[in-house]
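Common to both upcoming complexes is chain A, partnered first by chain B, then by chain C.
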Partner chain A sequence: MLKACDLHKTYCQRSFLIKHDLVKAVDGVSLSVMPGQTFGLIGETGCGKSTLARLMVGLEHPDAGMVLIDESRLDRAKGRQLRDVRKKIQLVFQDPYLAMDSRITIWQIMKEPLDNFFQFSEQDEQDRVASFLIDVGLDTSVMKAYTHELSGGQRQRVALARSLTLLPKYLVLDEPLASLDVSVQAQILNLLVNLKERFELTYIFISHDLNAVQHLCDTIAVMFFGKIVEVLPRFELSRAVHPYTNMLLESLERREGQREDWLEQALAKGHEEAGQNHDETPGCSFAQYCSYADMYCSANIPALKQIKDGWQVACWKKL
Partner chain B sequence: MILDQMRGRPLAVKISLIALGLIIAMILLAPLLTPYDPITVDLAHVFQTPGTGHLMGTDSVGRDIFCRLLYGGRVSLLVGVLSMIISTVFGSFYGALSGYLGGSLDALLMRVADAMLALPNMLLMLVIQAIAGPGVFNLIVVIGLTSWMQTARMVRAEVLSLKERDFIKASMLLGTPWRRIITRHLLPHSLPTIAVVTTVGVGHSIMSEASLSFLGLGIPPFKPSWGNMLMGGQNSIMMGAWWISLFPGLAIVMTVLSIIYLGDYLQLVLNPRRIVDPATEQRSVMYGIGSIETAGTGK
Partner chain C sequence: MVLALSKQQEPANDIRLEALLSISGLTVCFPTPRGLCRAVRDLDLQLASGTILALVGESGSGKSVTGKAILGLVEPPGYFASGEIAVAGESVLSKTPENLRLWRGVKAGIIFQDPASSFDQVFTIGAQMVEALTAHGVDVGSARRETLKWLDGVGFRDPERIISSYPFELSGGMRQRAYIAMVMSLRPSLIIADEPTTALDMLAQSRLLALLQQMRQTTSCSIILITHDLGLAAGIADEVLVMYAGQAVEHGEARNVLSQPAHPYTRALIGSVNWNNPRGGLATIPGQPPVLSDLPPGCAFAPRCSEAVALCKQEEPPDRLQTGAICRCHRPFI
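Right after this comes the complex of A and B.
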């Protein structure tokens, strides 16, 4: 089981000697992902999704809280122990081109993790790399290519193949579709479904695209300003409780007709204001955009409360 | 075959290759090209002007300049290139280590480098050379060990920005040990920086050899090197004997410029992106010339 317990991460924007702006990227997030589950994490750009992903794979160190992978603590692990825990969880980056060394060939990229953990013979390594490449739907001839010689879809496939080489149990996918165009997105999405069965993976799928999350995930967590506001099973999505989740759903329906995204505009505007006075509202961070909110909401932070099995909501009004 | 290889390269690179090749060939074939001896004094023929039986004239004790130039090049090139290899290898690893591991180790390593930078370079070389004694080998080591700080600082800066990039983070996640991250990813990606610092450094180390030799701590004055020829001819310029200093000076400038141009071009060739895309090749070549100019003015 993959567990995050009350994770906090604050970034400090240092402006020389004058003022320190604190950005609470992740603010008290707890979640648990069962083996075999596909856990979707959704939220707009800048709500702390990527930071949460990096915390969960151990790339960032949490200010408070802990990450548990099968009962061992990732955030406290050091040296050999860290290497062993990390083998179980891998991250797929948003932009595969930036996530791979551009000066070496795909073959060298693919064999790097194998070199780190095993002592295979050259031939053995080659066979393994080839089989992983075939698993993600690539021809073995890409081994000789450099990353810039591949298409976006091919790159993301290589990135997936590389993260599979260590046979991890958990795969954190940090917006793996965001850098691809729409036709390729569908292919990769289907590939993810196949790989999950083939390698018995557990996904933590992070996205701002509700469609993709709906397609892939069985549990969906909605994140807003560093906090998880609602966790619900996919089939309950239409009956979502939290006002923010409903806002996201509405925006999705509107988007069917027109590309104009009122939500993102509204939130972008809200962000600008919130950037200045976000700390001054001690309560629910969504209160200032919420039509149900009252004085109580903006003064007290709502905690996630279980309303049904596998369904948690953090809201004062809608419970 | 070599001519085929040369086709399509920028003009500056062609000229540099030819110049450097010529210099090296002449240095190696020195005994065949000149009948004179570089050390024997000939007081009957002091201050001969260029052309009068001596191609580049003679110096204040009648030694043939052309001859001394050829034999002197052996020492100068050897010292210049070898000391730069020492300083580049040491400086690159030092900087990469410091930048990648960070924290208190970084602070410690960089303060040591700063301290060495703060001391006047010449003083440092004088002290070490005085302890180690004269000789070409000691000269190479001393120059190498007093010129790595700039490389270290540049590589550290490069590594600091590289280590925040996704592909390094990905390597960390895939369990690559830090030693391998440095050698496989960070240093190859720092190559453009390293190439520029190194090629400029070759010029500096040839000049360092000259200064040390002038002060009597490098090559003994009777043995030729471009540096001590240049220095030795200084007094004679006032007497109108311009050729004694001019030719070694030209040799140094030619060598250093050729190495800088080649080094700059080398880092373009080493970049795998260039192999496929003719459009970017054109652009990188133009970028190459631009950065050569910055490197040149920096010197």
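Right after this comes the complex of A and C.
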């Protein structure tokens, strides 16, 4: 089981007017992901999804809290144990360009982690790399190319294939479909479903594409300003409880409905929506956008509470 | 955050009549050890002022290369093999590199696909945005005000924080919006937006679309929106151009192309937008796109096309139908 216990990460930024700007990127997140589960994480841009992903795989250290991977603490792991843990959990970065060395070929990029974690023969490595490249819809000739020779979507798929070749028990995917056309998206989603069944992988799937999340994930967590506000089974999504979850769902419906209507609405509605605001609020951070908010909400932070099996909500009014 | 865009450069009347962007016979090649990769082949395109064109197509079909080529940007050893590009009557390819640098930004701006690599990592967002404006003769004070205004315009609640942030201190979607603000602050007559919404959630997407529309209305700029999101194309574009293996395979009014596609590839692409496939998995277009350095003879889509006949594998289809519609196919749906 993959567990996050009360994770906190605050970034300190020098600002131009105020001396120090504190950004609570991840603010007390606890979650547990069962083996074999497909855990979706949604939330607006800048709410802390990538930061949470980096904390979960140990690329960054939390200010407080800890991550448990199959009962062993990520921050305490050393030597052999650390290697074992690293092999178990992999992150596919949101920005494949930053994560890949531009001076070496795709083959070298893909071979490196295999060398690190396994003792395959060169031939086996090649077969494995080739088969995963084909699975993500690329031609094996890309092995000889450099990253800058690939298109955005091709690069994204190389990054995905690289993590998949390791068949990690837990795979954190940060916006893995972002710049792919629908047909390739569908191919990748089918591949993920297939691999999960064959190798019993566990995914944490970060995406702003609610359609894809609904298709792939059995559990969906909704994040707002560094906090998880609702965790619910996919099939309950239409009955989501938290006002913010409902706002996200509405924005999807708006897009699915009449195009022109939707655009008009977007134009008119424009700016009353949630945005970046890291002001200290003593209570529920959604209060200023919430139509159910009252004085109690603005003064007290609601904690994530279980309302049913597998369904948790952080809201005073909806419990 | 309603933006009052002043009409900074009133477009001259004659430019309104003729095409703002005119591309003919554009071919861009990249020599690679695996052979010559022809990323864009024989592309023709006329775009009027104030038009929004959506450029769609499979990953690797040449959309980004086309977008960059319009600004004269092709990374060596890549080169322009043939063709002409003119923006507002000015030939792009005959400009000197120095002229091109000055011209870029004001006349035509590009929002690159990779929000991470677009910014210089060692300067703050604010420094780079102000620099972009002052390089074009705006004084520092107004540049700073403009910068704040545009950051607000793309939906930041705290532009002050963004201005003093380094690129790595922002999330993917924040970086993307900051870059969009930087490009738009120069009010170019032609905006090329390469997948500008990939890191944006639904609300930020709708806000960006609204902003693009507003921009088009007030400055009558043209926008080329490169996107994989057909819904987005349907929502905002006047025209749609579909690319396959480096070629424009279909081009026309958005409504026509998206609701009655004539080209089998466009049809297949639209067919894969179905989240409730009764057969379980999601529909994909079978087969793989061709390797650009090793194209098959005849129609490039033939190996995957359900309509293909023997002729398709022998002879390349002409670039338009007898009706004049732009569609590269021997057996279109009409």
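In this text, the second predicted complex is superposed on the first by the 263 of 319 C-alpha atoms of A that agree within 3 Å, B and C clash if a C-alpha of one lies under 4 Å from a C-alpha of the other, contacts with A are read in each partner's own complex, and residues count from 1 in each chain.
Rule of thumb we're sticking to: a contact is a pair of C-beta atoms (placed from the backbone, for glycine too) under 8 Å apart; a residue touches a chain by one contact, two chains touch by 3 or more.
What you see is a predicted model, and the numbers here were worked out from it, not measured in a lab.
Engineer: If you stack the two complexes on chain A, which partner ends up touching A:9: first (chain B), second (chain C), both, or neither?
Structural biologist: neither
Engineer: With both complexes overlaid on chain A, does A:180 touch chain B (first), chain C (second), both or neither?
Structural biologist: Touch partner of A:180: chain C, not chain B.
Engineer: Figure out whether A:86 sits in contact with chain B (first) or chain C (second), or with both, or with neither.
Structural biologist: Touch status of A:86: first partner only.
Engineer: Output check: A:95 vs chain B and chain C. Expected answer is one of first, second, both, neither. What do you get?
Structural biologist: both
Engineer: Mind working out whether A:24 is in touch with chain B, chain C, both or neither, as first, second, both or neither?
Structural biologist: A:24 sits against neither chain B nor chain C.
Engineer: For A:190 in the superposed arrangement: first (chain B), second (chain C), both or neither?
Structural biologist: second
Engineer: After the superposition on A, what does A:169 contact: first (chain B), second (chain C), both or neither?
Structural biologist: Neither partner.
Engineer: Applying the document's definition of touch, where does A:149 land relative to chain B and chain C: first, second, both, or neither?
Structural biologist: both
Engineer: Which partner, chain B or chain C, touches the larger number of chain A residues?
Structural biologist: It is C that touches the greater number of chain A residues.
Engineer: Share the list of chain A residues that count as touching for chain B in one structure and for chain C in the other.
Structural biologist: In chain A, residues 95, 98, 148-149 are touched by chain B and also by chain C.
Engineer: Note which residues of chain C are touching chain A in the complex, please.
Structural biologist: Contact set of chain C toward chain A: 1-2, 30, 32-34, 56-60, 63-65, 75, 113-117, 126, 155-158, 160-161, 163-165, 169-174, 177, 194-195, 198-204, 206-207, 209-210, 213-214, 228, 230-231, 234-236, 268-269, 272-273, 275, 281-285, 288, 291, 293.
Engineer: Which stretch or stretches of chain A touch chain B in the complex?
Structural biologist: It is residues 57-59, 83, 86-87, 90-91, 93, 95, 98-104, 112-113, 115-117, 146, 148-149, 162-163, 165-166 of chain A that touch chain B.
Engineer: Residue numbers of chain A touching chain C in their complex, please.
Structural biologist: For this pair, the touching residues of chain A are 11, 13-18, 21, 23, 43-46, 48-51, 94-95, 97-98, 137, 139, 141, 144-145, 148-154, 157, 175, 178-187, 189-190, 193, 208, 210-211, 214-215, 248, 251-252, 254-255, 259-260, 262-263, 266-267, 270-271, 273-278.
Engineer: Using the touch rule from the top, collect the residues of chain B that touch chain A in their complex.
Structural biologist: 165-167, 169-177, 180, 184-185, 188-189, 271-273, 276
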